[in-house]
Amino acid sequence: MTRTNRESRVTRMNPMNRRALLGGLFAAATVPALAACSSGITSLEGDGAGGGGGGSSKGGVTIGTANFTENQVLGYLYAAALEAAGVKTTVRPNLGTREILIPALRGGDIDLLPEYQGALLHYLDTKATATEEGTMQNALAMLLPRGLQILPYGEAENADAFAVTRETADEYGLKSLADLAKHNGKLVIGAAPEVKKRTVGSVGLKEVYGVEFKEFKSLDSSGPLVKGALKKGDVDVANLFTTDTDIAAEGWVVLTDPKNLIPGQHVVPLIADRKADSTVRKALARLGSVLTTKDLTELNRLVDKDRKDPEDVAYDWAAEHGIKK
Amino acid sequence: MFELLKGLGSWLVSGEQWTGSDGIGHRLAEHLQYSLLATLVAAAIALPIGLLIGHTGRGAFVAINLSSFGRALPTVGLVVLVFLASGLSMWPVYIALVALAVPSIVTNTYAGMTAVDPEVRDAARGQGMRWYQVLFQVELPLALPLIMTGLRLALIQVVATATIAAYVSFGGLGRYVFDGLAQRDLVQVLGGAVLVALVAVVLDLVLSALQRVLFRHRPAPQS
Amino acid sequence: MSVDWSWIADHTDDLTTLTLSHLQAALTAVLLGLLISLPLAVLAHRVRRLRGLLLGLSNVLFTIPSIAVFVLLLPVSGLTRTTTVIGLTIYTLVVLLRNTVEGLDSVPARTKEAAKAMGTRPLRTLLTVELPLALPVIMAGVRIATVMAISLVSVATYIGDGGLGQLFTDGFQRNFPTPVIVGVVLTLLLALVADALLVTLQYVLTPWTRRQKQGA
């Protein structure tokens, strides 16, 4: 949830938007199919970008975040760091998956988003093999579409984990991802819908470990659905985040990854060139070097378990670590 | 636009899209199951209420305003609320769908009952018919066209809304919409939407045909 | 499932902002819906062929799940408020078009002929005779569309908007009922208040219907 930010979005309906809106309306009033693909207009690009050039954060930076709580925490941490450096920010929580966010970043609806190295790499190149941080950083710089760039990756990391309950581990003798292949066609995996098409997911598990599941259940990103299903036994294997404190709390077994399918997942800022000035770079680099995996895990716990606002825990943490105005 | 429609074409006709646990066949069956069961349960709850209010004339205020309340109820919120209360089960889906369908059926049943000419009702009573005879032999048949309108309206709403089952991990055609959103696969989203609309239209046609066959000997009392 | 009252007390600012944002989306959609449906309804009322086409099309639109509409609008208007408003407008349009056509149909032919006989021009007849007489039916449509739009805004939470709908996603992700309960209650309240205001507006706008009732 946002405080001041929401208002700015409301007032953002400037005349230009309205014209685009009316144009869209006439297309949309016929059939959604028409609307969905009418020409190549991508969003309201002129909105706040102010044209190309070297990039400037003067007009403020809009931070988009994905549909899981940790990403919101990270979004507000970015906001705290940028505001400490005198940059105006707006955080837009819960926008969706990477598949939705990156086109929005290119289209200008958002300017910055907290990303994860390995996952982003595999989104850009499903065949990517790099797993080491430095190599991935280079690969990312090469692969990113024009207009986008990554900044130095941070200390904190949240990797994907494939976990099973203690009972399932004992019953099937599961220790590593390779063991899953011994039970092909028997086990059900639960993960967010997008994981079905991702390398660090169904695709990679099959290619690297030869694992074939009985069924893929579309659930959520280390959220109530996938964890509920794992607890209830609706799924045997669950795709979770390593920064999820429930893994330890529930005694779930994270399967090891001997063939390094799962790449390093350090948090890395993905930003549009138009906003990437030196103030922004410095502020985010400093945040990245201070925030540890342990910090992030604890912030997640505060939000998920103690029901603190992502915004509050992020700003509090930043203030405690000397990141404030 | 052309790309999307072409994609939709091949999505709909590809053989593998129709088979398996994520195939259209299975998803269609799930969607029908959710929609029909929810509408039946809603009818079982709403019809007696609507008939009773219409027959007695008591509680008319409730009957008239219930459909407005039903429209105001945010389905997403209701689904999440029941999910938090009941955990991972079908309850969130069915409760939300039934809650959506009940108001339209009650309001239309009541409207059908009030459309019955009071003189006809009095004449039936005058002939010494009991209250249940008046209700079932006189009022109900005359109210049927509007009752059917309510049922059809409810079914259309339920079919479109049953999409939400996919949000709380279940199947149905909504699976394509939610998965398509997560994967930004607009062809899949469009495919799911088109199939849902198709199911709604076909079910509505079936109900209206049924209505015509069953009640053709009785001309509707009003236009 | 208990309500955490202190959370509500701590979040009154957020709740106010979300409520206003929610209302803004719904009302914009209803206004746009009215703006578009009026000329279309006049057209459908006058031209028999268009009538079947327009009403049929709007019936089909109604069967499409709203989530899908929002998602399919992403290539057009992106993750913006515009997407929410366009999506909602489509649904208000369906209701408003139908009711406005019915309202225009309900104007007695004799009244229109009387206006014509008096030499009133068609446009003037439309504005001063037909539309005012159709107003009760049109207003019924506005009420339905407004309540529906207020309820539907929350669906846009799946594309990162959705006003009070954001409380649903938030509560869902954190297994936290309080925001969800608050969101449902506030949505119902908004709908109730908006509906009551519209009833009052209609009462003020159509004094002749009151006189008729008293006379009867």
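Labels for the chains are A, B and C, by order of writing; each one numbers its residues from 1.
Basically, contacts are C-beta pairs under 8 Å (C-beta built on N, C-alpha and C of every residue); 3 or more make two chains touch, one makes a residue touch a chain.
Chains and their UniProt names: B, C = ABC transporter permease.
Because the structure is predicted, anything quoted here is derived from the model rather than measured.
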Set of chains whose contacts include both subunit C and subunit A: B
Which of A-B and B-C has more C-beta pairs touching across its chains: B-C
Averaged-CA centre spacing for the pair subunit B and subunit A, given as whole angstrom: 38
Whole-Å separation of chain centres (CA-atom averages), subunit B against subunit C: 21
Shared interface positions of subunit C, touching two or more other chains: 64, 68-69, 72, 74-75, 157-159, 167, 169, 172, 175-176
Per-residue overlap in subunit A, given as positions that touch at least 2 other chains: 32-33, 36-38, 96, 100, 103, 224
Where subunit B touches two or more other chains, by residue: 83, 178, 181, 184, 186, 190, 193
Subunit B residues touching subunit C - in the complex, by the definition given at the top: 68-69, 71-78, 80-81, 83-85, 156, 159-161, 163-164, 174, 177-178, 180-181, 184, 186, 189-190, 192-193, 196-197, 200-201
Subunit A contact footprint on subunit B (complex, rising order): 1-5, 8, 21-22, 83, 87-88, 166, 168-169, 175, 178-179, 181-186, 190, 193
List of subunit C residues in touch with subunit B within their complex: 1, 60, 62-69, 71-72, 74-75, 143-144, 147-148, 150-152, 154-155, 157-159, 164-165, 167-169, 171-172, 175-177, 180-181, 183-184, 187-188, 191-192, 195
Residue ranges of subunit A touching subunit B (in the complex, touch as defined): 32-34, 36-39, 96-97, 99-100, 103, 192-194, 196-197, 215-219, 224-225, 228-229, 232, 234
Touch list for subunit C against partner subunit A, complex: 4, 7, 11, 13-14, 17-18, 20-21, 24, 32, 36, 57, 61, 64, 68-69, 72-82, 85-87, 89-90, 93, 157-160, 166-167, 169-170, 172-176
